[in-house]
Amino acid sequence: MNLTPLLPLIYEPLVRTALLEDLGRAGDITADAIVPADRRASLVLRARQSGVVAGLDIARCAFQLVNPAIRLDAERPDGSVVAPGDVIAIIEGPACALLTGERTALNFLCHLSGVATATASLVAAAQGTKARIVCTRKTTPGLRALEKYAVRAGGGSNHRFGLDDAVLIKDNHIALAGSIRTAIERAKAHAGHLVKIEVEVDTLVQLDQALATGVDAVLLDNMTVAQLREAVTMTGDRAITEASGRITGETAKAIAATGVDLISAGWLTHSSAALDIGLDYPEFSSAGN
Amino acid sequence: MNLTPLLPLIYEPLVRTALLEDLGRAGDITADAIVPADRRASLVLRARQSGVVAGLDIARCAFQLVNPAIRLDAERPDGSVVAPGDVIAIIEGPACALLTGERTALNFLCHLSGVATATASLVAAAQGTKARIVCTRKTTPGLRALEKYAVRAGGGSNHRFGLDDAVLIKDNHIALAGSIRTAIERAKAHAGHLVKIEVEVDTLVQLDQALATGVDAVLLDNMTVAQLREAVTMTGDRAITEASGRITGETAKAIAATGVDLISAGWLTHSSAALDIGLDYPEFSSAGN
Amino acid sequence: MNLTPLLPLIYEPLVRTALLEDLGRAGDITADAIVPADRRASLVLRARQSGVVAGLDIARCAFQLVNPAIRLDAERPDGSVVAPGDVIAIIEGPACALLTGERTALNFLCHLSGVATATASLVAAAQGTKARIVCTRKTTPGLRALEKYAVRAGGGSNHRFGLDDAVLIKDNHIALAGSIRTAIERAKAHAGHLVKIEVEVDTLVQLDQALATGVDAVLLDNMTVAQLREAVTMTGDRAITEASGRITGETAKAIAATGVDLISAGWLTHSSAALDIGLDYPEFSSAGN
Amino acid sequence: MNLTPLLPLIYEPLVRTALLEDLGRAGDITADAIVPADRRASLVLRARQSGVVAGLDIARCAFQLVNPAIRLDAERPDGSVVAPGDVIAIIEGPACALLTGERTALNFLCHLSGVATATASLVAAAQGTKARIVCTRKTTPGLRALEKYAVRAGGGSNHRFGLDDAVLIKDNHIALAGSIRTAIERAKAHAGHLVKIEVEVDTLVQLDQALATGVDAVLLDNMTVAQLREAVTMTGDRAITEASGRITGETAKAIAATGVDLISAGWLTHSSAALDIGLDYPEFSSAGN
Amino acid sequence: MNLTPLLPLIYEPLVRTALLEDLGRAGDITADAIVPADRRASLVLRARQSGVVAGLDIARCAFQLVNPAIRLDAERPDGSVVAPGDVIAIIEGPACALLTGERTALNFLCHLSGVATATASLVAAAQGTKARIVCTRKTTPGLRALEKYAVRAGGGSNHRFGLDDAVLIKDNHIALAGSIRTAIERAKAHAGHLVKIEVEVDTLVQLDQALATGVDAVLLDNMTVAQLREAVTMTGDRAITEASGRITGETAKAIAATGVDLISAGWLTHSSAALDIGLDYPEFSSAGN
Amino acid sequence: MNLTPLLPLIYEPLVRTALLEDLGRAGDITADAIVPADRRASLVLRARQSGVVAGLDIARCAFQLVNPAIRLDAERPDGSVVAPGDVIAIIEGPACALLTGERTALNFLCHLSGVATATASLVAAAQGTKARIVCTRKTTPGLRALEKYAVRAGGGSNHRFGLDDAVLIKDNHIALAGSIRTAIERAKAHAGHLVKIEVEVDTLVQLDQALATGVDAVLLDNMTVAQLREAVTMTGDRAITEASGRITGETAKAIAATGVDLISAGWLTHSSAALDIGLDYPEFSSAGN
């Protein structure tokens, strides 16, 4: 996979906010009281579940905003598939700062790896077909750029990033315009030349109207596998086809086999479980207590 | 239930950020092109799953930041249990603004209601015992105050809000201090008089040491039900007891029955699925296509 | 024209920043010292040059952030063509606040109206052809969304809004990729399904390569009118054609006549002069001195 | 010239905002897809027009916020006069980051150099006289400190920076006060001891009143050359004299010759064209295609 | 007194920050738990010490950011002299919100009233002379605009607001320049025409040098009353004279009598005690316990 | 003493704000004009009064945000007791930047050292008893975390940091609840398990009620020494005892001797005078002028 890293300009403010949310006004009163100032430690980030890693740069940023002397060396970079027990990264630095930063670092890493892992499960289901897995705008408030990145780390692609970078005409827009044709024509009249237009259709009749008016993509919403197959045939290469609605690991295989170009699933970003990743302090294991 | 609303001072900046994340630089190019400026609409927020509502004030804020003329009237306020089909709220205002704000409003509402619903499921499992369900610091970056609120809406209680408002001594702190006793004593020497001290113990031996040194609460981590029962007996009223690790709807009942004061589960905030809530535009239903 | 207003969510922070930049730490020490607190005034915003108005909502916002009691009633809304002497708006409110806010309000209004006016001059030159006038990313730092809006107010269209909402492959990308074909193929492999791809070509040979590989649009850079005509013929409807380089009111007519779809000009946003708009205080005119 | 650099504390937030405005949520999707991660490049910033350079530190900041490994070595520092073809700076670093940062860097540099160049043209016109060229508060929203700096780089001086650092009594203040005398007296009664007072006068009668009351400076607005000459004589060394209104390269020489101390022109900051500065990638020139 | 109110644009962000500093992530857990949601209350802001009021608008803003339904009616507006027991304002609204906002409101009000009161004490000492009392840049970080306002409310005047609005040449500048003359000449060469120049002198020899070079004001630092008297005579009306150093209520009278124009004291803003102002809830007084 | 440093994440934004408040839009126009760009200097931070140092990291941050090349080497770290003439730190770097940063650095350092010094005076008065000195929420807006830190540097402890980290039931809460018992019970029902509950009592009758209901701490407000002694006896080890009201260096000794656990004083943070700390430029002393 060819995963382009996010720029710190984009994620650093989020990491800073998350750290301050955890530190409050008084900072880490536990570690500050207990951990000797000169102790160093190294810790191992280890997968406790199978999944796909996403967010190591962001975790490193969290540690380094607490103390720039912390190093995080990735053993399995973002996009790697990991099994339980696999070492993801080694982290080394002042012990107190490591303890202060670890929860925030993990909150980002486990959440994003969860999104990547969910995506990878659908990607696997669609393997052998041309269908790409895409996410939606149903993202966690404040984390859209990061979750979209995690979808890419999981092998998926991104749908539009917001309301402003592509036109997506939905049922309510159509109802307010009066007809699919009117809605599409108004969108074409306003859209810049680099803006694509997609329209949601619920029936093959609507699909026919949309294709007749001309659009870049059609979102085939909640159709059965049989309907999807017919929709793909009807569409030919007049538009990109996207299937959505009730996408699970089980249904994705059959849907992908219909020949659609894209399968989109909101739950990748709004309902995927965090990946379980642990932080072990190997040097303390012998220390006992 | 007695649920105190969050102050807009706390959540409005988050809502603003989330809206700008969706609007980008150009705003809602779909609705702007298609929806006549003078059209009004009303829409119905309706549960599609059973669950507990949380976040209506925040959803209202999202709509009103797009256009202050939008009204949201809650039919089932935060904390309400809803069944599929139940009307949660009626929203009314300029149609274009409604369409622009709906995704951001729902992203908050569905996520927070998902957290409340997950919490309520554990609360139900613990019913008839004194065990309270509490969340952890394993929250979504940027949303801690909101997710903690959602836990309360689901009938749960909150653990500490961050690193600064209570001392929680974990295994790594103990390893770095050399012993439980040393760790607790250092914490006591530093902590303000209104700061409570909790210590994580993995064994009954550690529990004994902790109680001997004196703490406000003990976190009984990953213990079996039998161990928990013994731990509760050992502790008596010398400390609050909290069980954590592998808490599910299935295990919670037995754990609650051990007599622990608290059951904490990180997944309430990091891995609960969004509650499925739909937005219907009743007045368009007759408009067809 | 059908000009959708910008949301205050987008421009209000910019207006606030601009006001604070002018107010500094001490505020308006001139008006505060001189103007009686209870005086009200009304002022007339009047064109001193021919042009197109853009930015009235933003000017109103500037006044109302100083004092919410100020009213601004637009006589010629954004997008209107005005001649010298035309009344653009009537503004009424506490005199001191009007004086405090007027410079910031005008700085926005005159700049944006300047951009709209420059755009309208090119739109006029292209009249009778299908060519649309578009702006570029050569915008004033911090004001991109507003300047893009002003271009629309002037009858133009918008090119991409930033590096993230469309692919534009330029000469340096091609040089680094090794060939046009490689550059386009890499872009296609990465781009989401709603992202269009445009490529800059300097020669007809490059154009042929780009069209053979397949792109959504071609940017014909610095070509002569004869070359443009040939490029349009070669392209047919395989791609959108955009002419750029040395676009002026004089050259635009001939370029538009070549049949290109778009004419883009960076100077609309980076070098257009402010439109001269005056603020008259009619009620003081009789006051003399 | 003795040009003091601006502190990064002042400009870095603006550069950050401008970069994020360009990067959006997804970053540079073109360069990220096309440019190999390990390619380095060097580029040459070269004047394509005659003018005065301003903003190199800010351009460097833009590149380094994208990637701190980028170096920018100034060949012609801010304030230098350049001719077409002159090398202004050499920039070296990772190729992808250079492409990502270049537009934002140039947007600042070309705009500020345009302001400096316009200023230098008036400074040249006034050469041989004592008249200094000054800018006004008619600046681009958000960029005042930078544009004021660019005026200094062009050999000009700065008028007040905002409403709070000097008193400037204009016609409307006078109308609201009832008389020039009253306006000046109120200003004197309120102003701190380090605040200077300037008053705008349109006629020699008003000038006489102002001088009689006592002010630090007089703004002679829209006077003819003959009136200016008489005003300078009347004023003697009782006040600083500033001419404003209809200042161009053509009129400035004659106005400067009247003996005024200052000539102010709003268009230096609101209407000067960007200086044309190109970025060449010399190492790619042999790469062809 | 003629006290111009500060604009909310300037102080509202500070009030918001202060409230969030107090509310943390969980808000007011005491009032939220205890106070019935529908209870209203009115409270009386009453002086417990003699002093001068400053900051009522800011206190109102604090309450209204918690709940816009709160009203604050000023009985003794800013600048009023109050005696123990005097009612300063009546505040009315939802009881819970009043309790939540009161500490932040009082923290601003008592601090600013303390500054105003300290200022008024020096103003009283200087009564009957022409000496004005001025503050310095020794202000509390983040609160300069507010403390400068409080000085005005106490009858004082403001020195410069920052490093950028006037030149103040101190001993170290002189040492680095090599001589007073060089320092002043460099300052004059750089300063804009509306910038005044003041120079600190420790001896009459230095004063003579400064006056010979020409400055707008001289800061007579740590001089005896006799030296000050001589300095005033030497200076005549060639410059404004400012005395500083060891200014107290006791020394101010004699210093003012020397004929200096200004007396400056850093402690007005960095060391004045908060004015004791109490909040009484009259309606509860009968409630007993 | 064992003083944990504050994290730069917490204080750097405050320092940045304070510097920009001083620099305004134009920066340090005095030093920029006068000080040669290549001059370096070293300066000595020296106590002019006896006291306790607090804030050296923050002062260093202020200098380094102006110019990262400045070094500050602490001779007497935070928490040190200093006498007049003691060297606190040596600072070295570019002379112009030193002059630009010194006022902001000192404003933080002198204020925080003043708080630490005031605290230390009460700590000294309570020596030999178990009473700890604590601060309150009566802090300077925006500086709470720093002032709480300064109290620790002075040997004191911190009360709660805000409204959200502990319950403190005051007279008005009790009045609104109807009784102490009701107020405490409501608080217990809502508070998380790591939240302590303190209640303010004015009389021994109230104390008895509070203890009977059960609380973690009692605030004995404005009691006489005799009452305090009796309250301590009544309380035993059922609760922590805190004395407040009219605490001065004189009264603190007797109050501490009553056996209370804590003595709290708002004036430590709202009314302590800045510690007088001077900056000497030793290398210039021979330069004369």
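Note that the chains take the letters A, B, C, D, E and F in the order they are written out, and that residue 1 is the start of every chain.
FYI, a contact is a pair of C-beta atoms (placed from the backbone, for glycine too) under 8 Å apart; a residue touches a chain by one contact, two chains touch by 3 or more.
Keep in mind it's a predicted model, so treat the numbers as computed, not measured.
Chemist: Under the document's definition of touching, what chains do chain A and chain C have as common neighbours?
Modeler: Touching chain A as well as chain C, we find B, D, E, F.
Chemist: Along the shortest chain of touching chains, how many steps lie between chain A and chain F?
Modeler: Graph distance in the chain contact network comes out at 1.
Chemist: If you fit chain A onto chain D using only Cα atoms, how far does it have to rotate, to the nearest 5°?
Modeler: Nearest-5 rotation angle for the superposition: 120 degrees.
Chemist: Could you tell me which chain lies farthest from chain B when each chain's centre is the average position of its Cα atoms?
Modeler: Following the centroid criterion, the farthest chain would be D.
Chemist: Comparing centres built from CA atoms, which chain ends up most distant from chain E?
Modeler: Taking each chain's C-alpha mean as its centre, the farthest from chain E is A.
Chemist: If you average the CA atoms of chain C and of chain D, how many Å lie between those two points?
Modeler: 21
Chemist: For chain D and chain E, let me know how many angstrom lie between their CA-based centres, rounded off.
Modeler: 34
Chemist: So the centre of each chain is just the mean of its C-alpha atoms; given that, what is the distance between chain D and chain F in Å?
Modeler: Each chain reduced to its C-alpha mean, chain D and chain F end up 44 Å apart.
Chemist: Can you list the residues of chain F that touch 2 or more other chains?
Modeler: 4, 21, 23-27, 32-33, 100, 144-145, 158, 161-162, 164-165, 168, 189-190, 195
Chemist: Examine which chains touch each other and state the graph shape they make (line, ring, star, complete, other).
Modeler: Graph shape, chains as nodes and touching pairs as edges: complete.
Chemist: Sort out for me which residues of chain A touch chain C in the complex.
Modeler: 2, 4, 132, 134, 157-161, 164-166, 168, 189-190, 192-196, 198, 216-217, 240, 242, 261-262
Chemist: Please output the residues of chain D touching chain C within their complex, sorted ascending.
Modeler: 14-15, 17-18, 21-36, 39, 41, 95, 99-100, 103-104, 106-108, 110-111, 114, 137-145, 161-165, 167-170, 172-180, 183, 186-187, 189-191, 195, 206, 267, 270-274, 281, 284, 287, 289
Chemist: Which residues of chain D touch chain A in their complex?
Modeler: Going by the criterion above, the answer is residues 16, 19-20, 23-27, 32-33, 65-66, 100.
Chemist: Sort out for me which residues of chain B touch chain D in the complex.
Modeler: Within the complex, chain B contacts chain D at residues 21, 24-25.
Chemist: Can you list the residues on chain D that touch chain F in the complex?
Modeler: Those residues of chain D that touch chain F are 4, 6-7, 9-10, 144-145, 148, 158, 161-162, 165.
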